[in-house]
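Order of writing sets the chain letters: A, B, C and D. Residues in each chain are counted from 1.
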Amino acid sequence: MSLPVLLFASYADAFGTRRVDVPVRLPCAVREVIAMLRGLPGGSVLPPDPLVAVNHEFVRGEVTIVAGDEVALIPPVAGG
Amino acid sequence: MSLPVLLFASYADAFGTRRVDVPVRLPCAVREVIAMLRGLPGGSVLPPDPLVAVNHEFVRGEVTIVAGDEVALIPPVAGG
Amino acid sequence: MADAAISAGIAPTVGGVVRHVAIVDRPIDVARLSSLVEDDGVGAISLFLGTVRNFHDGRDVAGIDYEAYQPMAERELRSIVREIGDATPGLRLAVEHRVGTLVVGDVSVAIAAGHARRAPALAATQLVIEALKQRVPIWKREHYLDGERRWVDPTA
Amino acid sequence: MADAAISAGIAPTVGGVVRHVAIVDRPIDVARLSSLVEDDGVGAISLFLGTVRNFHDGRDVAGIDYEAYQPMAERELRSIVREIGDATPGLRLAVEHRVGTLVVGDVSVAIAAGHARRAPALAATQLVIEALKQRVPIWKREHYLDGERRWVDPTA
């Protein structure tokens, strides 16, 4: 079982991909997914508590992810 | 000897003209010109201390007007 | 004189700073005004447009006559733009006010400010419109739907 | 997805209030955006344009790649516009942000606000740009004249 996580900008560059499949058993907490990502090649780019969006909404680390959720890591935004 | 005074907007409407010749001996103070204008037909539209411009600059009542100056009465402005 | 308002010439740069002001008797070309404050070093452009709206003080408005004491109005506008420009290095400012008979929706005044950063650009448009309303000799006579016309006195 | 940014549809009026947002991958039509907030009851239109400038942090910039998490960016923009619009009756707001590769002088973001009075229109553009920079998932990678490219991190 794995969870696809969307990556953008500097995070996508660091992981070398715009989508990484994280091997986790769902449901699980956002912070568990982050911990696994930080252990992958390129994962050192991530701060301990990066911004995460689930289904296009910012969420906190204790939020639970279920199958079918769209999960994305959000680098520091720089629009405008 | 007379001094031409430019009028605009509500003041021009009240005096029925855009330029009134005020019979004064120059040099004289702005406030003397205002006093004479207030006594003319339509002059009741003027407040005791209306805005006055001499040579395109706002001036106070004690300023002296000399021959050749461009004098204008400035109704409350409403640009924008 | 007021009724013969003519566009003032463009003073494109003063020490590298754009400062354009004009009283015009035709529709304001907003895109052109905005382009005057563009520059490779500009990261933010703030534009303010005053438009004729269809009501004021509870009355239905059909249009507005704008009148200016043209040479003094341009002098005051230049003075406002100089004061604000001098206080903000790198600021580019362009201002035009229209005179004549305008109908609902017409642009009566347009202010464009360009700067490397957004805060000075945003502040500049606001400072210009506030100062313009305080001290530039321009007047407006509203035409109401009931046929009456009245000079607006903001001090009344 | 981010690279396939497409213009969102226009939601012209919500309870009579214009609220348009879009992430676009072509030049922003500023005149059209401004026209969206025009109305017979509007007396003031405030426009803010973010443009690509030729330097940043002391380095010469040639251009910028903008990337967005498109559906979330539009959702956040809609949320910002809704919050500000709900707090200001009669406010009309339109916002577009461009993605893709832009060169110096290109407009990256345009915000238009229309209101009967100038203070709410001026405040709205400022509130939108500040909120956009805080919470809308858009990123930019600057291209420097020396050939280097770097993602900008405003929190660094």
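Rule of thumb we're sticking to: contacts are C-beta pairs under 8 Å (C-beta built on N, C-alpha and C of every residue); 3 or more make two chains touch, one makes a residue touch a chain.
Just so we're clear, the structure is a prediction, and the values are computed from it rather than from any experiment.
Visitor: Kindly list the shared contact partners of chain B and chain C, in label order.
Guide: none
Visitor: Quick check: how many Å separate the C-alpha centres of chain B and chain D?
Guide: Their C-alpha centroids are separated by 50 Å.
Visitor: Nearest whole angstrom, what separates the Cα centre of chain A from the Cα centre of chain D?
Guide: 26
Visitor: Residues of chain A that touch two or more other chains: which are they?
Guide: Within chain A, the residues that touch at least two other chains are 80.
Visitor: Going through chain C residue by residue, note those that touch at least 2 other chains and give them in order.
Guide: In chain C, the residues touching two or more other chains are 50, 118, 129.
Visitor: According to the definition of touch, which chains form touching pairs?
Guide: A-D, B-C, C-D
Visitor: Quick one: which bits of chain D touch chain C in the complex? Just the residue numbers, please.
Guide: My answer: residues 30-31, 34, 38, 40-55, 104-105, 116, 118, 121-122, 125-126, 129.
Visitor: Inside the complex, what are the residues of chain A that reach chain D?
Guide: Answer in residue numbers: 6, 8-10, 13, 18, 53, 56-58, 72, 74-80.
Visitor: Enumerate the contact residues on chain C facing chain B in the complex.
Guide: Spelled out, the residues of chain C in touch with chain B are 1-2, 50, 66-69, 71-73, 75, 97, 108-109, 129, 132-141, 151-156.
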